[in-house]
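Two complexes, one shared chain (chain A), two partners (chain B, chain C).
Up next, the complex of A and B:
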């Protein structure tokens, strides 16, 4: 199943590495380092999955999560952070994040989360 | 000098109280958030540790190692702050830091859930229902964290010097109470407690040195310090790196000397699968604690595609170098067995208990096991669990028995099956019942002997004896071993009861 995935992380390398490995699986990816640009894209097009960093300068990932959940509850949001704490993880999950991954993570871990999200989307869509 | 370690529930005003105490006393304040930032800056994978509480860690992670490094890091950072200064530290399970060091003021704070729900609802912009769900999940996570990291129960009140319930106590009065108590002579570090603190710090620094050095980072070591002398215990199979340990620790300041000792006693447990929550595992660790032994695990599985192989457990795999910056997105690396039959989880549990002698998987049969054990001579006991399960019940029993005999012949070490562990080495309900029964038999024998002395003496040497001479000889021949066996059994059970083998 080919998915439209939006990646938001203020470090360019994260988007680059994820794009390189996830596009091989046939997904369409857009990577952003600026949360405002990502929000603009979210306003125009609805991705299937959003992978967002939590700690960013302007707007944090929790805000992005809230925004995505408000605009399109179907979109699955996967939170990634290098500053994972139980508090942040629980907050993300309580606010509707699909998954929470602490950095550093292996590529197979994010692939696993995306696969689960794809299955959930397929179930919800009646497939 | 005063050190105040304050713990309290998340979103429970502990930080506010700690700040008020710091303001009122003029003592520096430090929080877990600041410490977490420092840990992150130092490259400690604290986030992975935290996330592992919510999600199962992937099998190739060595979180037991990360946990040791994290605790040593915390000890090191906090020690530098309290070396010549007072300190108010607030954080999750703060009261459990510097375990065993006296004269540190360990405070717990309790806040009604309704108050916390209000705080969370406001802080995180959640409905009261969601705020309550969030707090319930978070509290459960934190209890798990404390159990995993500190091997303690957060709700155990014996770990606190003072528990403050803020339901009816206002913050100002609570602060005065804390200040007055913190200034009591009981919470002023004595030369003895300071010396203990220095030893705890030295052991932490040594652990960090060893964990961060390429030559020693993959080792599972026991580090303790006493009188500024470090004792590092390593496993027999790590004997080649003993020199590296001394070299790495040679640069530590304030260390008067390092003693490297090899762990002497090991229990080897062979099985096809392991479960750290099983009764079998509890029995093995109980015995290990009693003997001061480490437990080594071997997972014996059938050969994959007919080929035997040997694989170190993930929990002990060497740490990989982090030379290229990846932004936290790491390559997958070589494929590891995702189902390791509970081996890594059980090793993690043993590491946390300080009883791990490592573990590995052998895919093969009797020959591969014997080859792997060839150079090992320090086992006190070898325990055989569920093995050769794919061969069917009868063949499994036979092959396990044959393996036990082969190992015993090779290593000259006692080999038992896991089912025999309780009866041979431990004292449980069955043994208690046995002790009671045999005691009753002895009491009955004594009662009979002393109640019927005359006929018994007659039977042994009187008129009756003259008539039934042969019968009394047979009776004595039977009676004496019966009494000896009964006594022996009782003595054995009592020794087990008082933990003497």
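Up next, the complex of A and C:
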């Protein structure tokens, strides 16, 4: 199943690592380091899966989560963070995040979460 | 994040687990609790007593969470221990649920080999063990990932990072940031200087690291420490929750660890030690 995935992290390396690996699996990826550019893209088209960092300079990932959930509740949002706390995890899940992953992580861990999200989408679509 | 916690029946394992549970509450990491049973002349099996201890450890982790916040499946009282490979046992329960993995395994054999093999198997980002575990030094030098050696619980609000000429990986910087959040701590960076020509390198690295942490909203304290006075520095100061050091291929500490110097020095201190890769 080929998915459209948006990745947002202000560290360039995160998007680069994920893009290279996930495109090999046949997914279409857009990677952003600037949340405003990511929002512009989300305003045009909401992807199947969004992977977003939580703490960024001027817009936090929770706002991105809320925007995505408002635009398309079907989209699965995976939150990643370098500043993990119970409060952040709780807020993410309460607001509808599909998964919460603390840094550092291996690509395998994100890919695992994306596969689970893909399965959930397929189930919801009756597949 | 995926964490491997190496445990035995020493009381310090329970303390280590309580420290790790704090990290799990924050990060909701996937975790493997690994019980280590040194091979004896017996049949290579695991005693019911050790299995019961591992079950208690499992429950202790879950009890660290409020029920509504727990990302792991509950611990099933009706569990079995299955030998999934020769010398490798896994606790199997029927309880389902949980968005994160909590695996309980027992390995029989050489502790160093058992921990390193499990770390490879589960792809851990961090190995945690207590400061009196005999294999700690071998694990520290041979592991592919970062290693946390837990000592006393000390919330002093300070983390010391020894910076040398080793590579600063992204994951190691992320690990320090998570620890700073966990301990609600300020970061002190001690740049180690060996000989005159290296100082410039360390200073530029310190500058880069400062800018990295500043971008993350962290304002670290910075100082230079001559390698010749490292011993004095470690013995004089002991007010950190955690001491971290990079221990990759070009690390001064890796060289020193092989001759046991820093290991012995830090063993006498109360701070936990995080070896970064």
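Simple rule for what comes next: the second predicted complex is superposed on the first by the 127 of 127 C-alpha atoms of A that agree within 3 Å, B and C clash if a C-alpha of one lies under 4 Å from a C-alpha of the other, contacts with A are read in each partner's own complex, and residues count from 1 in each chain.
The criterion applied here is as follows: contacts are C-beta pairs under 8 Å (C-beta built on N, C-alpha and C of every residue); 3 or more make two chains touch, one makes a residue touch a chain.
Since the structure is predicted, the reported quantities are computational estimates derived from the model, not experimental observations.
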In the superposed arrangement, does A:18 touch chain B (first), chain C (second), both or neither?
-> first
Between chain B (first) and chain C (second), which does A:120 come into contact with in this model arrangement: first, second, both, or neither?
-> neither
Regarding the shared-chain residue A:59, is it in contact with chain B (first), chain C (second), both, or neither?
-> neither
Looking at the overlay, what does A:46 touch: chain B (first), chain C (second), both, or neither?
-> neither
Considering only the touch criterion stated at the top, classify A:94 as touching first (chain B), second (chain C), both, or neither.
-> first
Chain B or chain C: which reaches more residues on chain A?
-> B
Intersection of the chain A residues that touch chain B with those that touch chain C | 11, 13, 82-86, 89-90, 100-106, 108-109
Touching residues (chain side chain C, partner chain A) in the complex | 1-2, 25-30, 69, 71, 99, 123, 125, 170-172, 174-175, 177-178, 181, 216-217
Of all residues in chain B, those that touch chain A in their complex | 10, 36-37, 40, 45-48, 50-51, 53-55, 58, 60, 124, 126, 130, 133-134, 137-138, 141-142, 145, 325-333
Residues of chain A defined as touching chain B within the complex = 9, 11, 13-14, 17-18, 80-87, 89-91, 93-95, 100-110
Chain C-touching residues of chain A, taken from the complex the two chains share | 11, 13, 55, 82-86, 89-90, 99-106, 108-109
